[in-house]
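Chain naming follows the written order as A, B, C and D, and within any one chain the residues start at number 1.
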């Protein structure tokens, strides 16, 4: 498949870049461990760029991804999210928020010793769709859930 | 160096359930202080988990993960007495490592 | 007697009415149910635990001009006894001849054991290193009463007076909005926005409230002791600021804790 | 903003001056008499920002309503009626005879719970606090229940003069019709101005308002 090849190339380029950064980083110890961070994906300001940063040219919707989260968040500062992938060969799970200034919130590499079942808590500026992007082999799959962010308290 | 994490790791039916609380501001970089100046982003960027000495989980975060982050994941295998070690690195290069024994 | 069609009409109207109210209730309940699910998810990992650990460290750390820890502090059950102490506070202390809540008592111990001038702790802003210390300490102390039943002996005359003063304060209106504690907390089953308001004059309501603070506030990412909780209620009431550990705050806590007696401490809590 | 603060003080003293006597002491347990209670207030609060200690000074309405035993007593009903009459006198009607402003501005005001707290400044725009206690438009699911639902308010009542006057007076001074209502006296206390009351009126009565959809 065309995009699969491209993906591998992109990945190769990135890992080379990472290796270079790591080499430079080793001279600057504080930067070293921070070098693998996917800057392009995390700093993307559109969903398309975030996907691109993650290497996902295309993604198909999948019923095999579960997003476990309350429909309403009592406060946008802390929104608990759990994602479970039943897609065989899942190697990465990412959480994206459509209406946040930077969409990508967190990504998890699912190695052979980890179940594709991860939980974290994120900030949401407003009511928005949450997208869970799953990588399995060369392919990407998504699931979407809307979470309403409500105004709580006396508002003062 | 940051304050210590709280790590709980419990083994059941061949799976080790790990729950972690970390002490961190997770500043978005979009907020302004009282004088109107933007507060720079400050957040945990990378997290690594090891079971005994083997890396089992790696995660990358942006500043939209909540303050005092919570993280839960499930390791295949692991048993009582094993060691779970969690490390994080933030975007300023600060790091913290803590460990817990699987119960 | 009604003719048949009219009866049917009335019955239909009743069904229609029931269905209508049913829809409204279902919608309302849905929101509340979702919020409950949200809160459940939060309880699974309460960042208050981080503050509890910091508080314990502070409790054991030597500090102040006397280079002493707080480990000999008497919280009412004897020097150094933390287990279950919070569940019996506020209480009367002979050495100070005052009724004190946990936070007021911590100030006393910092002053007597460590030789610290606590005035700056009282004066400090809510979000300040000084108050961070007190909030962490009281989080630790309250955690030591988790699962313990709230008891309050109104046997000392000063405790009884504080209870009565607290009750009167609860109903005291003022400010630009005519608010008192009672404006929001003296009716059963009410909400502000989506927050259920505990009906504080009842054992049940006071129990829910008293046993869940100190709590981690997710909205601000802050750890709040009862002192901060009360101060922020007064802020929303458009009142001036209650002075930290003043009798006003201890009186309200005495009223609340006495009303809550019998409920089980579930601290530290986690809140919106 | 300064003039608003002044008008608050003035309005409060106006009702204070009506001079209704109370026997608050009788309602409270031993040790919580007026002297002890005032001493506690005095030592227990400090001014912070715009929230001065004078905010603890009560007008006649606040003093009466702070004593639930007195309110429920035999004389309570007559005293409440007197307080309502005093408050009714404070209501200022629209100066140009126009009742309704912008329902969109009214919705924004209804959403806001800000203003006049110790952490606000004199420049902080005051909110109406409405959603804190009332259901209003159907779209906002986060609403309080201390007050009745106002959904379909105008649709159910029409735009007749009586309905308009009643709602205006309620917003301006809620204690004019219910001495110890939990609702603030938004106009009387200077929390919101005439234009803002018109905007809230439009939110309730304008057929195009989301409230009446």
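The criterion applied here is as follows: a residue touches a chain if its C-beta (ideal position, glycine included) is under 8 Å from a C-beta of that chain, and two chains touch if they have at least 3 such contacts.
Treat the numbers as computed from the prediction; the structure is a model and nothing was measured.
Quick check for you: compute each chain's CA centroid and the global CA centroid, then name the chain with the smallest gap between them.
The chain sitting closest to the overall C-alpha centre is C.
In terms of C-beta pairs in contact, which of C-D and A-D ranks higher?
C-D
Centroid from C-alpha atoms only, then distance chain B to chain C, rounded to Å. What do you get?
Centre-to-centre distance between chain B and chain C: 30 Å.
What is the distance in Å between the mean C-alpha positions of chain B and chain D?
Centre-to-centre distance between chain B and chain D: 48 Å.
If you look at chain B, which of its residues touch at least two other chains?
Expected reply: 66-67, 70, 72.
Give me the residues of chain D that touch two or more other chains.
117, 129, 131-132, 141-142
Scan chain C for residues touching two or more other chains and write them down.
31, 44, 192-194, 218, 221, 235-236
Which residues of chain A touch chain B in their complex?
Against chain B, chain A makes touches at 30-31, 33-34, 36-38, 42, 77-80, 82, 97, 100-102, 104-109, 111-115, 117-124.
Tell me, which parts of chain C touch chain A in their complex?
So the residues of chain C touching chain A come out as 30-31, 34-35, 37-39, 41-42, 44, 192-195, 218-221, 235-236, 272.
Give every residue of chain C touching chain D within the complex, in rising order.
Spelled out, the residues of chain C in touch with chain D are 31, 157, 160-161, 163-165, 167-169, 171-180, 182-184, 186-187, 189-194, 197, 235-236, 238-243, 246-249, 251.
Hey, which residues of chain B end up touching chain A in the complex?
Touching chain A from chain B are residues 15, 26, 28, 30, 45-46, 51, 54-67, 69-77, 89-93, 95.
Spell out the part of chain C that touches chain B in their complex, as residue ranges.
Interface residues on the chain C side: 44-47, 49-50, 53-54, 216, 218, 221.
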